[in-house]
């Protein structure tokens, strides 16, 4: 399993497609196997964060389409409505429902010791997806599947350096503002840190200000409006998700400035949701760094291995790409979400 | 002295004073706050931002004021209702697709249905409060919980984008008019509400029911009907606010449209000098309260206060404002002043 | 007078109805999810384990609601308490016991401040506690924007000290014998609940809370020190809130800005479902306990159902809540009529 | 302090915005004395009491109480209680949600090891109320009982505090004669024990029945303090009103009433509300004043409420001018020309934060409907008209009604209903808390209205008042209408007999 490194965009998409295909294969395998052996489905309890974004909905969808009856699974889905307390409750109830596997997309990284211990005591393996959990004992979960947010941060900074190079601006002073995600979210931390670390390599880059836009378009716009009034010479906006970038673009336009590949301000964003491609095609956004929500097949792969008694890697990153504006029109139709 | 008394005795004096005080913070901290320029033929500046951004809140506060006045309770579902209205509007306009570049149905249809849905939500709340006699906060808790779910159901859990320029007009600017459209909507809503209250006896009815529902029944008012009406109206306001918020981001974001707006709306009502236990009310007070809140938020942004720490400052300012408005606080201050004066006098004598 | 007949006043009646509805609801769950283990004792105990903090906080909420007030700051205060605990133990190296004592004091101080504003400056409780809500949430962010996991051994040993019941063991699918258990937090919550019950019913202070809520002006004219009573009620609430926050933290073992969002609504809803009036003067912590259990059962239903999407989850919770509230109101109306 | 004096108030001054409520008022109360505080509505009686007990702050003067050399200022009722002053305020001030027993003992509950002894408290309460001849379930919430019972409970509470000074502000306004007698016995007993009692009332005969001393206030100023024996009735009234007054003699029935004909305005057939009033039949003719009489709790108010629809009747039929009327809410009755002045002023009468003007026009406005607002000018005219007619003492027509004295509030409510120009007017204790001068005016008014053809239902605890105004009387007992007395049968004796007839002691 590759760690969302610098793959070219085309590569990423093809890879993605292939993983999906292989998965359907394994799935069919499982089914035949199951009917042969126990005639029983594998019961998977999945505790999801909520449906707070398109990304999350795609993630849920991926799980639901993977763990179907046809593929030999029974999925118990629980939505935590963005509350960790609810997830803890759900896991406890999964244990009582005698599920075979528990999959958690944690709301927070912290606070999992107690309930994971309960699962372990009941002999139920746990797989973590998306955000990591911060527990004292690694053996409390079998594996983790997700994105490498830090790497996404690195990618963003590297792409920017390269882009500025191409524009022959690498020597100029570059002023950056960041619209951060909800403070404390893994994506926010990883992306902020990644960019921050790479900033050290570019002494001519200045981070004017960071402010959270809470991952929403409206807040992103409001904060950007404020930035634009405080600073006259913003060169780059880093929005830690696409929605905030949309808000920023509107604010920039309202202030009488332009953005995108042909504009005054470079817009750098994360997630690469479908709407981001529209925005890039419209020439408003420069780049979006992917955050792949399609975790289902990857998790199924792990479960199959565990069923066979094989050991699995503790950490499994999903594939992720970088999508600059010039390739957007071409790639959009191939995207799954 | 008497004139001064007359001014200070005027009901809206304190809310207005507080609003001005909040603005004055900027004179010291961010002098550029009051600059207004023209960009792209549109007025541009912090003050314009305040007026523009406060629009949804103002409209919600108008509806909330009446709900509070008539039932002595609050409607905590307005934020969720906003998102339902936005979702249904975008759903109709996009014809069910996730994103669209042209209207699949006429805009008016979408807007109308959205507003009607807002009213229906209000009616549901009104039914529970007025007819079923359920306590307002709990009655509206139902839609508060379900609202965003319904909105997500409509949008299938995704953000529905309407990428049509005319959709942005409501939350943006109409070509050739230098002021944001929202201002006009606000003016219409506020004026309309005031007209209804002044030109009919509804205002008196609402106050009467809010002060003493039993006595109001005896004098021939249908308390239930009046309470119901205010909730329906509040739903209408939420519907309009939802359309506005949706237009700003030309999409329906079920999770975030109107998030936590109910609290600010209630706060606006209180900052406007209205009692949350019902009865006498002033719409204008709530309007000023709403602008005060937005002015505070914008001010803090202008001062680069981080969004997640912003509530601390907001809390402090709110406490100061409501303390200033509290009669007890005045009494204490006067007491202390008296004591100081008499102490000084005694010293002089001695 | 002849033999004393068993009479029910309106409020006891409502409490009984609430309890009855809970029992019926739970029974329905047992039938519907018969094959899925809903009937296990542990599922019932989980209601308490998962809601220990909420039980205590709902008790505090009940107290302020009886005075005719409300406290919407509790969710934020819980987050602040959790964050403080995590921050003190992990970043400052303070021991678990002193850390807990400090947060209890913080809760008290918070209660004093809110109580002072409500009782002495006569500012509307909703607004005071709304400011409290903003303040506590903001302070949480100021302390740390990052999540802090609690690794303190003493603290974790409290959190993970399963207290097993000696009976009712079940062998699960994996062949593991599971005995029903609870955590110390549950015991603490129940002890506090009983203490508050006694306080409300059998102490002078408890009764004066009801008097103040029933009619503040009258209470004043009857010679009660209304301000002091209100202040005390808020202080007690702040203290209970801190304990609740501590129990909550035992369950989640972490400090985090976004924690316990919307907790205040859960506490208020629990109290109201349990028969407390937002207008004051009426309420009972036993009712609030059942309010919490009903909310917990609704959530358990959803988990056991296991196929609801995010939005259907919200809608279903709301529908069950609506069903419950409306049923309760119908019973109340019927009672009113028969009077 | 003089020997035997428990309380002195000197040069008390108190102003409210726009009103000088008290100016240079002196008041002296001796041990074992029942001291009447008299004056017209709004004279400042209640204010003087509130100043004394710390409900309101006062600006000038000093208060001394036995046992303290220094002048005291009670900052709160709690302090006043500690200083030995126990008070029954004009409006019933108890907690409706608490049980009767708790209302009696709140703040001083019997405790055992710091824990309230409920059993003892209930027993004590029972005994205490029994001493006033009230036998009710003390564990039930107070709100279940009528205003009269609540008044008795408030009195019992104050009496039981064993204070040096007992203040009773219009305690008898909603009591009937037998209850009043019980109260007087109690007061006499306390007097013997050396308690100083301040007694406010508008019933002159009560003053002469129990009081030793009278202090008269007029317009916030002291008129004088007199021994009862030195101040005959006529003079007392003159002192209160500041002019001579031809007292009760004048209110004799003003000649023969023109019989309003036989037109039946209201007819109830088997009308009833389960739980409060058993099905009854009644016929009320045009120009008739029908009185309802009965013991406390006999269901007089309930009968009236049932006709008006304040409690929706659940069986029987009601005919208004021959047409069947289905009353769902009071507004339906109002549309058909009914009006109802409720007995419970605080809960069902005043809309406290609204101004006098708004309180007066609200019923007419409700009747007209939302879309026909009465113009501001008209509103002001109406208001001024009734302020004048009923001599309402208010600083301004925009004053919130809650700032008016109790009696003046009652006048506003009466004005509210007269403004709707009803065909059938129900008055439940209309003269409650109203001073003697205005009371006569109101009685005259009722007769005048009847003469003009209005049908009136009149409920009052004062039998004399009823005899003076009523042309017919219905007798109630235990929530059941048991008979009617015609004009020629009306006399104190016959009524008493009818009420008592068949009453068993339980």
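In order of appearance the chains are A, B, C and D, and numbering begins at 1 in each one.
Note that in this section a residue touches a chain if its C-beta (ideal position, glycine included) is under 8 Å from a C-beta of that chain, and two chains touch if they have at least 3 such contacts.
Everything numeric in this text was worked out from a predicted model, so none of it was measured.
The set of chains touching subunit A and also touching subunit D is given as B, C.
By number of C-beta pairs in contact, B-C leads when B-C and B-D are compared. Taking the mean Cα position of each chain as its centre, D sits at the greatest distance from subunit B. Mean C-alpha positions place subunit B and subunit C at a centre distance of 30 Å.
If each chain is reduced to the centroid of its CA atoms, subunit C and subunit D end up 45 Å from each other. Look at where the CA atoms of subunit A average out and do the same for subunit C: the two points lie 35 Å apart.
Shown for subunit A are the residues that touch two or more other chains, namely 51, 57, 60, 183.
Listed for subunit D are no residues, as none touches two or more other chains. Counting partner chains per residue, subunit C shows two or more touched chains at residues 141, 145, 257, 309-311, 313-314.
Chains touching one another, given as pairs, are A-B, A-C, B-C, B-D, C-D.
Only residues 36-38, 40, 42-43, 46, 49-50, 86, 141, 145-151, 156, 159-160, 172-176, 178, 248, 251-262, 296, 299-300, 302-304, 306-311, 313-314 of subunit C touch subunit A when the two sit together in their complex. The residues of subunit D lying in touch with subunit C in their complex are 55, 76-78, 80-81, 87, 89, 93-98, 102-103, 106-107, 109, 111, 114-116, 118, 137, 140-141, 157, 275. If you check the complex, the residues on subunit B that touch subunit D are 199-202, 204-205, 207-208, 211-212, 214-222, 279-280.
Interface residues of subunit B, counted against subunit A in their complex, comprise 32, 39-40, 42, 44-46, 49, 53, 98-99, 152, 156-159, 161, 163, 172, 245, 248-249, 251, 253, 255-257, 259, 298, 301-302, 304, 306-308.
Those residues of subunit C whose C-beta lies close enough to touch subunit D in the complex are 7, 9-10, 198, 201-204, 207-208, 210-211, 213-215, 217-225, 281-282, 338-339.
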